[in-house]
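Both complexes below contain subunit A, partnered by subunit B and then by subunit C.
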Partner chain A sequence: MPPRVDREKCDGCKAEEEPLCAQICPGDLMVLGENRKAHCRQPRDCWDCMSCTKACPVGAIETRTPYQLGYHVARLIPMMGTNTITWTCIDLNGKVERFRYKNRTT
Partner chain B sequence: MAKELPKDLQEIPTEVIDTDLLIVGGGNAGCFAAIEAKKLAPELKVTIMEKAHISRSGATAAGMDAINTYIPEGKTPEDLVRWSRSQVGGGPIREDLALSNAQNLNEAVEDLERWGLPILRDDEGKAQYRGGWDVSIHGEQLKPIMAEKAMEMGAEVYNRIPATGLLMDGDRCVGAMGFGVRNGKFYVFRARAVIVSAGGAIGLYKSHTSDATSSHHQVWGSPFNVGSAYALGISQGAEMTSFEQRWVATRTKDFCGPVDTISVGYKSLITNAKGERILQKHYAHLGGDKAPRYIRANAPMEEWLAGRGPCYADTTHLGPEEVKEMKIDYLNERPAFVLFLAARGQDISKEPIEVYGSDPYVVGGHTQSGYWVDMERMTTVPGLFAAGESAGGNPNKFVGGCAAEGKLAARGALKYLAGVTQPELDRQQVEREKERVFAPLLRGPEFDGVSPTEMEERMQRLMDEYAGGTTQFYRCNEERLDYALKHLKILEDQTRYLYAKDLHDLMGAHEVIDRLEVAEVLVHHLKFRKETRWQGWQTRSDYPEMDPKFDCFVESRRHKETGEIEMFTRPYEQLVPGDRCQP
Partner chain C sequence: MAKTAPKIALWLWDPGGRLAAALDLEALVQKLARAKGVARAEIIIDPGSPAFLEALHADLEAGVIDRILWVGRFSDEQKRGLPAELSACGLNPYLHHWCDLEEQGLLLAGLEPGLRNRKAGVLLEMALARTRLLDPLEPLELPATDAVLILGAGVAGLHAGASLTELGKRVYLVEKESGAGGKVALLSRFFPRLCDPHCGLQFCLDKLSASPLAEFHTLSTLAALEGSPGNFQARILKNPRYVREEKCNGCGVCLAACPVDLPAGQEPGLEKIAPFLKPARKAIHPAYPLAFPAAFVVERQHCPPECRQCAMVCPTGAVDLDQPPTETVLNVGAVLVTTGWDPYPLSRVAEFGYQRYARIISNLEMEQLLGADRLGSPGVLPEFSLGDMKEIGFIQCVGSRDERHLPYCSSVCCSATLKQAVLIKEMNPQANCYVFYIDIRSPGFDEDLYRRARDLGVVFNREIPSAVDLDPGTGKLGLRVIDPSLNTPLEMNLDLLVLAGGMIPAQGTPDVAQALNLPQNSYGFFESHYQCHPEESQRTGIYVAGCAREPMKVSHAIESAHLAAMKALKYLEGRVLIEPTYPVVDKTRCDQCKRCVEECPFSAFGFDEKSFPTPDLARCRQCGNCMGLCPLGIISLQHHTIKQMAAQVEAFDVSFMGDKEPVVLAFLCKNDAYHLARGAVAAGLDVPPNFIFLEVPCAGAVNNALVADALSFGIDGVLIAGCPEDQCHYVRGSQLVQKRSGDLRDKLQKMMIEPERVRFANLEIRDSDKYVSLLHSYLGDLKTMGPNPFKI
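Moving on to the complex of A and B:
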């Protein structure tokens, strides 16, 4: 399920040699375009592991369910804290759920 | 990043790295192998060759919601072997390997907890079991935790270097070769021993959601584990075991997510369209809802075939707190399943979760396909060890067992490498591999050929229809398998038409080459087992019954010179007493 990059928010991780999403993607799918914005080069090949979405320091990446499998539009937004993760899920009817828990003990 | 692509081989630099122990694939088993090796021999150089980035690579890249095997108080390693054997219908399994794994299992799981993995415990500090053997974890950070420990212990990590071939000294493995997907260099790693722990093979078959969706990789296992672990050894004549015992599992439909989470963890029973509990109804004699794994995998598909689909994991008894806990489990393992439910607007306490069969995989951490290894986890190629999904003979390893096996392989490799020296580098061999590896990139912009994606899709459709994929309800017969082999041979010949427009594409070209190698061996295994032992995992329409003659391991070996695949058997040896079909 392909990640979508918000071009307004993405700054291409200027200080890094390559954007964090490109560094982390297990499928080598995220790349920096000539416009200095990251994008997914072959959306069909994404495994929806959400590693890029978790790694993005400015929250510019959103993982979407392809329309052929799920309807428009639901969102799942991870926020990485110190030893915790908080997920916000918004379903297609606008219902919001939050999940916050410890993902590391040290 | 290389801006300009090379025009010829001379422009491509070769980097040679000398190490003591090389680990090909820094996933779960690979990280544990590296950590164990550095713990036992801090003076040795341990190098990990990693195709992706070690922080999020391999089968556990997205995280994990449970450790499926952790021996509880009052139970023994022998009990775990009995359970594992019963889950594969009485085997045959390698009980020698299974026992040694089980004896090292809890220590590996406790390592993870010490390094920071949250294992859910009750007020008295006891691990929360969700079934007989599996404990709940908040494993969103599982992979980063292992990776950080491996680096902290001093393992040297080379990211973004897929391995393409083993470096050989006669029949002995003395390293591996590959290329940098970022910098375009050719890499030669020389080592006194090599552990291959590069996962299993996903994407040999077409996934049932890949047609007419934007999601070709809507599969259960990591689609970036393409079978290279096996292909590296197959091409050097390593013996492979039990490929025909494919892993097929009941998964959530339209999003190939795990079902044990809901069926075992939340007591959601599997039902058909009529609301009948299908496992209890048809398989009570085999344990009903606790029937062997292949029965549980196959049952919903049999219902579809009989006109009684769709099938469900019935979640409608769950209260709001349980629904929330279950969603947290998914967020830890396959977070996008929670997104999928939201995109369906589905309240699972009112509507059950639909389930379906997955596409088939070759994964030795789940079923028992992989390298034939000895007790030190050395393959039949001297100097080459295997661990995790890559090592065969021992099913139901999962996260904890693959970790334990990483440790065992490291111990075996250290013993071996103490007695050997590094030979001179065979430059001719290196040049031959370099030429083979970069060929798809050097065919020029005018080359009229085939893209890696085109070839992959042809192979996946072929395997699905002729080698027992999901659309065929996992069934195959001699004629279909012969057809599959004939076309796999054509595809293998046509790999000379593969072209890559960049380094990412070059990785794709080698992925399809490796998958073809594994697919061919798999079809030979399916052909050889002329019986049906594990319906769904291995169903022969032309031999629908079990045949006692095949109560043995089916083995294969590719002849290095002729390329022919030789099939043979090895006997099963029962070490743990008891009824083989009972846990």
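Moving on to the complex of A and C:
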């Protein structure tokens, strides 16, 4: 399921031509609309890689989990530290699990 | 470059045994001696003793140690002196870290010894983590010119220019009028001494014209400014004067030849926004407002076609009626903006009939009337003679302190009116002066003027007239007003009514703002911090003085001009020294999102040839907001790098308070919150031991990634404290971090973590009680929330 952009939050990366989500999307799916807010232009092509969700500097993007993994209650939320990534996994019963990984730095 | 393992010397100094009385120092030092990267760990007796320093020198020279972590409370003198002394034997001054255990509240009463020891251990581990990552740094020296650009040759610009030439700096004075002097040259006299302003102006002009360092560019405007402080390139557009300045000696032969007589008053064709009056003149005439430079000027738009009378008679051949406009590029180190003010267009205040009746004039016109009267010249208002005026009224605050016009007080109009009334009364004691006012604001010694006016019999009426009409029979002005002391309506007949209008930024201000990329406040004046650095604009190397910043009287304008000149000297010394704590962008990881370029409060970021953002180090004020706002966390202030901070966060052992108590990491702005926290501990206030704080250059330098780190390592709460929004020394650091931590809180909410774990507080430097009660209420909230879900 494609990323959902919170229009209130998205600031179009300060009116940049290519916001961070557009730069990072491996399928080149994220674009800025006329309202200078980002959206996914071809939801069916999204691979749910969550790169955009991780890259968004204002936390405006949420990836809805695909139905094979869980219905709309279920959520997977990344939080980026300097050198860590922390995942919060909420399943469709509302059970929460959290994981922290050290990032590979190049 | 391969990094060698750090070799840290940890010196713990405990004069008087204050720490030893509360902590088990021996055990602590023994434990740390085994920590990674520690080469020596000892308790020292006296850091200033020759024996200690000698041993230290020997260690440094032998390469046993390469950086020092000083633990304990050191004086500022020691913090300055020891690095300087050790740099002589090759230890870079940036390879020191100072860890004061006391300021974190370790010695506060009522803590159990075990907790004290555990917290000291955590603090030292954090200090070590940072010390390991210290890098040697060298200050930068950038080349700079010794020239300064002064925009506006009014009283402020002239004074700044004269002082700077005395200091040996090259001064370019750019003025849009044909002559120097500005508005002050239009005044008859100025207070408090009631002397002639031309005397003070001439004094400056004499100094400037005698100096080979001063250069005047009249009839000129600034088109664009490029470059950085120390090396600006200013593009100046010069309108033709039609008289060659180097040839004209001001003999005046051309005046007799010129066939065009221009009447006194506003230049036709100009927008009638301000009553900027000119005297009756020929089309060729001396420079205005002051005849400086001495060269004449031709108002070519008024010349009859094909008329070349002046060119024909000029004995020096100075007149050149085909002069083209020119463009010059000046290389300057700093810019002083002294563009001054214009009077508020009183025609907008319809109720007082300005420009409807000739007998209603503005206070600036009154100045010219007074000047003309004194000098016996017909002046700019030939139809008036002050000697005939018997009843003169003054209305104060016309348009000022009025939300429909100017919400602010222009601060000089009351004193100016008092001065005018005094001058009239002294000249003609039979004349009656009436001042209608809301409040008389005569600050400081201007009160003497008020008393003098009262003694001379000026009548003050604390009510503004409701209507003004012209009586066509008598030709006098009929005025209706309430006398508040008797509460009765009065009808008065006046010969002359003077409206004291306020000051607005000079008409050219928006163009200057655009050329300099200089923010203006809501009233159009240039933005300033007003109190901590009044002269500084939000663009480094550009200083604002005089009424371009806020309405002020002449003496204050001159003071502000000197202050600005003094501050500008930094960029006129032939070189600009840059502290090495400037931001560095890791271009290998930058994805050019340009947020730093957008959000830098001082517009210090530009682009390099590959479109990577690059800070202009001369403009940068090293606030670290770029470090805080970079979404990838790849901008770091050197010596306060994000890696160093992340290492400190990682070294924060969350278990020091035991299982039940929450622990909090606080990022404190070093401008006030940090001093506040130290002060609260020094005053022995009840600071809970659960908090450990880190000092940051500005609250805006805290990156969300660090807060995320802290939470994911199990720290229960993160407090960010900075200055109140409108007081931030770096303009919008507090505002930016508040927005970002708001975003993070929303994310936490989605992650089913209590968003209140991240808290932002605006604190002022002496808010100790507020700070302590904030800490307690925060702890209370955290206890109700329970431990951080990431705490293992």
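Keep in mind that, in the parts below, the second predicted complex is superposed on the first by the 96 of 106 C-alpha atoms of A that agree within 3 Å, B and C clash if a C-alpha of one lies under 4 Å from a C-alpha of the other, contacts with A are read in each partner's own complex, and residues count from 1 in each chain.
We adopt the following convention: contacts are C-beta pairs under 8 Å (C-beta built on N, C-alpha and C of every residue); 3 or more make two chains touch, one makes a residue touch a chain.
Given the structure is predicted, the values throughout are model-derived calculations rather than measurements.
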Requested in this report: Could you say whether A:71 touches subunit B, subunit C, both of them, or neither, answering first, second, both or neither?
Outcome: first
**Report entry** Touched partner set for A:81, first subunit B, second subunit C, both or neither
**Finding:** second
Requested in this report: Look at A:2 in the shared chain and tell me whether it touches subunit B only, subunit C only, both, or neither; answer first, second, both or neither.
Outcome: first
**Report entry** Of subunit C and subunit B, partner touching more subunit A residues
**Finding:** B
**Report entry** First (subunit B), second (subunit C), both or neither touched by A:14
**Finding:** second
Requested in this report: Determine, under the contact definition given at the top, whether A:57 touches first (subunit B), second (subunit C), both, or neither.
Outcome: second
Report task. Mind working out whether A:23 is in touch with subunit B, subunit C, both or neither, as first, second, both or neither? Result -> both
Query - Touched partner set for A:93, first subunit B, second subunit C, both or neither - result: first
Query raised in the report: Should A:45 be classified as contacting the first partner (subunit B), the second (subunit C), both, or neither?
Result: first
**Report entry** Intersection of subunit A interface sets (partners subunit B, subunit C)
**Finding:** 23-24, 75, 90
Query raised in the report: Hey, which residues of subunit A end up touching subunit C in the complex?
Result: 9, 13-14, 16, 19-20, 23-24, 55-59, 62, 75, 77, 79-84, 86, 88, 90, 96, 98, 100
Query raised in the report: Which subunit B residues qualify as touching subunit A in the complex?
Result: 1, 52-53, 55-58, 61-62, 113, 115-118, 138-141, 145, 160, 181-182, 209, 212-219, 222-224, 254-255, 324, 327-328, 331-332, 334-336, 338-345, 504, 507
Query raised in the report: Which positions of subunit A touch subunit B when the two form their complex?
Result: 1-2, 18, 23-28, 31, 41, 43-51, 63-76, 78, 85, 87, 89-93, 95, 97, 99, 101-106
Report task. Can you check the complex and tell me which residues of subunit C touch subunit A? Result -> 591, 593-595, 598-599, 629, 631, 633, 642-643, 645-646, 703, 705-706, 708-709, 711-712, 740, 743-744, 746-747, 750-753, 789-790
